[in-house]
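Got some structures for you, see below.
Both of the next two complexes hold chain A, though its partner changes from chain B to chain C.
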Partner chain A sequence: MDVTIVLQQIINGVIVGSIYALMASGLSLIWGTMKTLNFAHGEFYMLGGFFMFILNVQAGLNPILAGAISILFIFVVGVIMQRLVIHYLMDKPGWDVSPLIATFGVSIFLQNLSLKLWGERFKNIPYYLGGEASFFGINLSYHRILILIIAVVVIFTLWAFLKYSRFGMALRATSQDRDAATINGINTKKMFMITFGISAILATAAAIMLSPIYSVNPWMGESLLLKALAVIVIGGLGSLVGAIIAGVGLGVLEGVGILFFPSEWQNVIAFSILIIVLWIRPSGLFGTKEW
Partner chain B sequence: MLSVFEIDVFYGEVQVIHGLSIEIKKGTTTALLGSNGAGKSTVLRTLSGILRPEKGQVLLGNNRLDKIEPSTIVTKGIAHVPEGRRLFSQMSVEENLIMGAFEKKLWANRKDNLQYIYDLFPRLKERRMQEAGTLSGGEQQMVAIGRALMSKPKMLMLDEPSLGLAPKIVESIFELIQDLNKEGITILLVEQNAQIALEISDYSYVLENGRIALEGKAENLMDNIYVKQAYLGL
Partner chain C sequence: MTNKTIIQVENLNKSFGGLQALKNVNLDLKSNEILGLIGPNGAGKTTLFNIISGSISPNSGLIMFKGSDIKNKRSDQRCKLGIARTFQITKPFQNMTIVENVTVGAYFGKNNISISQARKKAEETLELLGMKELQSFEANTLSIGNRKKLELARALATDPQILLLDEVIGGLTPTEVNAMIETIKEIKKMGISVIMIEHVMKAVTSVSDRMIVLNYGEIIARGTPQEVTENPIVIEAYLGGAKNA
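Let's look at the complex of A and B:
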């Protein structure tokens, strides 16, 4: 087999994987702090796509401004969802699964709301950057390069925020011991709301970058959510490093896998890896350590 | 300084504290004694806002502490060293200490406060980058106390600081508590080790099944036959 084709697929895989990592780190953040999964995470992504379409295509704003406003809006949506839904269901003895189930409900609600508001027709957003680069016989559109750059910048910013900022440290403290966080003056209720908002931002960033490649529609979040769920389980629930490594790793394996299997087998590859990892390391690759 | 007036505290359906009142005078060391399960930790957790009393009041001066957002209690000058230390185990020693200065005004001066803690516990400076969960019990207790001191408290509540530590380390921790008290920090101490607690405290309460069974000046309690039998094992 030609080496350049394999190389091309690896690079494509890294790019797709960086988006998986972006989506998965949002889920991971929520699991780390609130010990629940957010099945409406795909709908944050979907809303991000629609906001981008409305602002960039319909209102004609430039992509940077449109993206910034979308991020701000979806942050607020995330915060409101936590306050209105998750907040009331947390910490009820015997209700451990209820926040998770409620996120299913929110997911269905948001899908149907956007169907009602914007219709079922698929919408397209033009590439933010035209043209493509060629090197070593590999062709890569500038847009895809931009995806990778944005994903790396966003994830690195998230990491630095968690590691060094007053707020990020408080967020980690909350995830490790809530009562201890409270007695040190951290308002954990606020932390939970902000965590949801940040998680929503990550999904929106993914949506802004991917929407020009795939089209915008009310169901666009479903398949990506499924992938992101597989990624956080493979990487280890709550582990940010795990989400990043598993995300990129899965992207590459899928990319290379296409050379050997038909493309509709992509999900089979993802979930086979999931099953194998669960078999060998039930807590995921980095599951013992929380970020 | 701080007065607790007839509080009832529940864990779910179970009432743990029954109409309990205590008074902590400024600048003193007050001990809360009692056997396992008497409700000592529950009282501290109520004072620091983790639990809320169903009835009664917690007053700091004229301010109701049981009605304000729990996370703001530390900003009123009350710091809590919880039972079992409760460090952020996957964060470094330094990060743990810094979290004690989370409040905005303190955050600006966190470097200076950190230096003060490192002067107090040179050992922690050596270990500053180490994950808190990997420290020895004594070192963890130092981090827990250091973290509480980072908030520049007027009152320090310590929950069983001697638990699980070697006698020598216990001694140094109690010396430190006395020093902090001399510097003007009001101390509320919860202990199972009644002897050592009575030695350093001015006033003590003995808890039994969530009620005050006995109270008095430490030297009087030390002579009390009941205390001798029940807690000092004499």
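Let's look at the complex of A and C:
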């Protein structure tokens, strides 16, 4: 097989994988802090796509401004969702699974709301950058290169923010022991809201970058959510490093896999890896047994 | 030193389902005082701490901190007012080092300080407790005695005015017990008022200025350590009537 084709697919895989990592790290953040999964995470992504379409295409704002406003809006949506839905369901003895179920409800609600508001016709956003680069016989659109750059910058910023900021320290304390965090002066309720907001930002960043490649529609978040779920389980629930490595790894395997299997088999590859990891290492690649 | 009341609890009631955990509890803590809180298991001691520190709310009653009602304040807000506590079942931040654990207390506690000041405060606090050489170990590697000291260090680092100690002595070796008693006396000298729950009688009687005895959610005796330990009602409740035990 031609080496350039393999190389091309590896690079494509890294790019797609960086978006998986972006989506998965948002889910991972929420699991790490609140020990729940957010099935409406795909709808944050979907809302991000619609906001970008409205602001960039319909209102004609430039992509940077449109992206910034979208991120701000979806951050607020995330915060409100935590405060109105998750907040009331946490800490009820015997109700451990109810926040998770409620996020399913929010997901359905948001899908249908956007169907009602914006209709079912698929919408397109033009590439932010035209043209393509060629090197070593590989062709890569500038837009795809931009996806990778943005994903790396966003993930690195998130990592540095968690590691070095006051908020990051509070968040680490909250995720390791809520009671101890509260008693040491950390407003954990505020932490939970902001965490949801940040998670929503990550999904929005993914949407801003991917929407020009795919299309904007009410159901666009579903398949990516499934991928992101597979990624956080493979990487280890709550592990940010795990989410990043598993995300990129899965992207590359899918990219290379297309050379050997028809593209409809993409999901089969993803979920086969998931099942194998669960067999061999149930806590995921970087997960600890204790959550 | 003035004898101002710093914490006042009035007619506190708390029930869990049908169980009355606290019944008309009244107590006060003066500034620079050590108040010993004893009672059999399940007497409501930790519940009382949970209410004072804001982890749970009472069904009725008043909690006054320096003359103002704090009933509607959250735990983190009470921490910033100067109320700190330790947990009987220790709750370290498992994946942080000792010094990071204590830094969290200093950074988010009563004083608004920078991260480097918080780190310095944490190191000083560890020094005070003789844990300096352990500071870069992860919390999950500690022995039970050092875990309890870590609880104390983290609470102290928040710069509290009152400190609620939930069995910091139980489970320690005899040498550690003596060291801890000295530390608690040291804390009092720093001007911090203390309420301590303790089962180790020798320890609690030797540091307490006053003592209170809880039994089935009610205060059944109060007074100096000597008055309390000689009180027949206390002996009955505590030792189940075996007066010569």
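Note that in this section the second predicted complex is superposed on the first by the 288 of 291 C-alpha atoms of A that agree within 3 Å, B and C clash if a C-alpha of one lies under 4 Å from a C-alpha of the other, contacts with A are read in each partner's own complex, and residues count from 1 in each chain.
Everything that follows uses one rule, which is that a residue touches a chain if its C-beta (ideal position, glycine included) is under 8 Å from a C-beta of that chain, and two chains touch if they have at least 3 such contacts.
This structure is a prediction, so every number in the text was calculated from the model and none was measured.
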Which superposed partner A:Ile186 touches (first chain B, second chain C, both, neither): both
Touched partner set for A:Pro93, first chain B, second chain C, both or neither: first
Touched partner set for A:Val277, first chain B, second chain C, both or neither: neither
Overlapping contact positions on chain A, where the chain C interface meets the chain B interface: 166, 169-170, 172-173, 176-177, 179-188
Chain A-touching residues of chain B, taken from the complex the two chains share: 12, 45, 48-50, 69-75, 79-80, 82, 86-91, 95, 98-100, 102-103, 107, 147, 151
Complex contacts: residues of chain A adjacent to chain B: 93, 166, 169-170, 172-173, 176-177, 179-188, 289-290
In the complex with chain C, residue positions of chain A that touch it: 166, 169-170, 172-173, 176-177, 179-189
Chain A partner contacts - residues on chain C that touch it in the complex: 53, 55, 74-77, 79-80, 84-85, 87, 91-96, 103-105, 107-110, 115, 154-155, 158
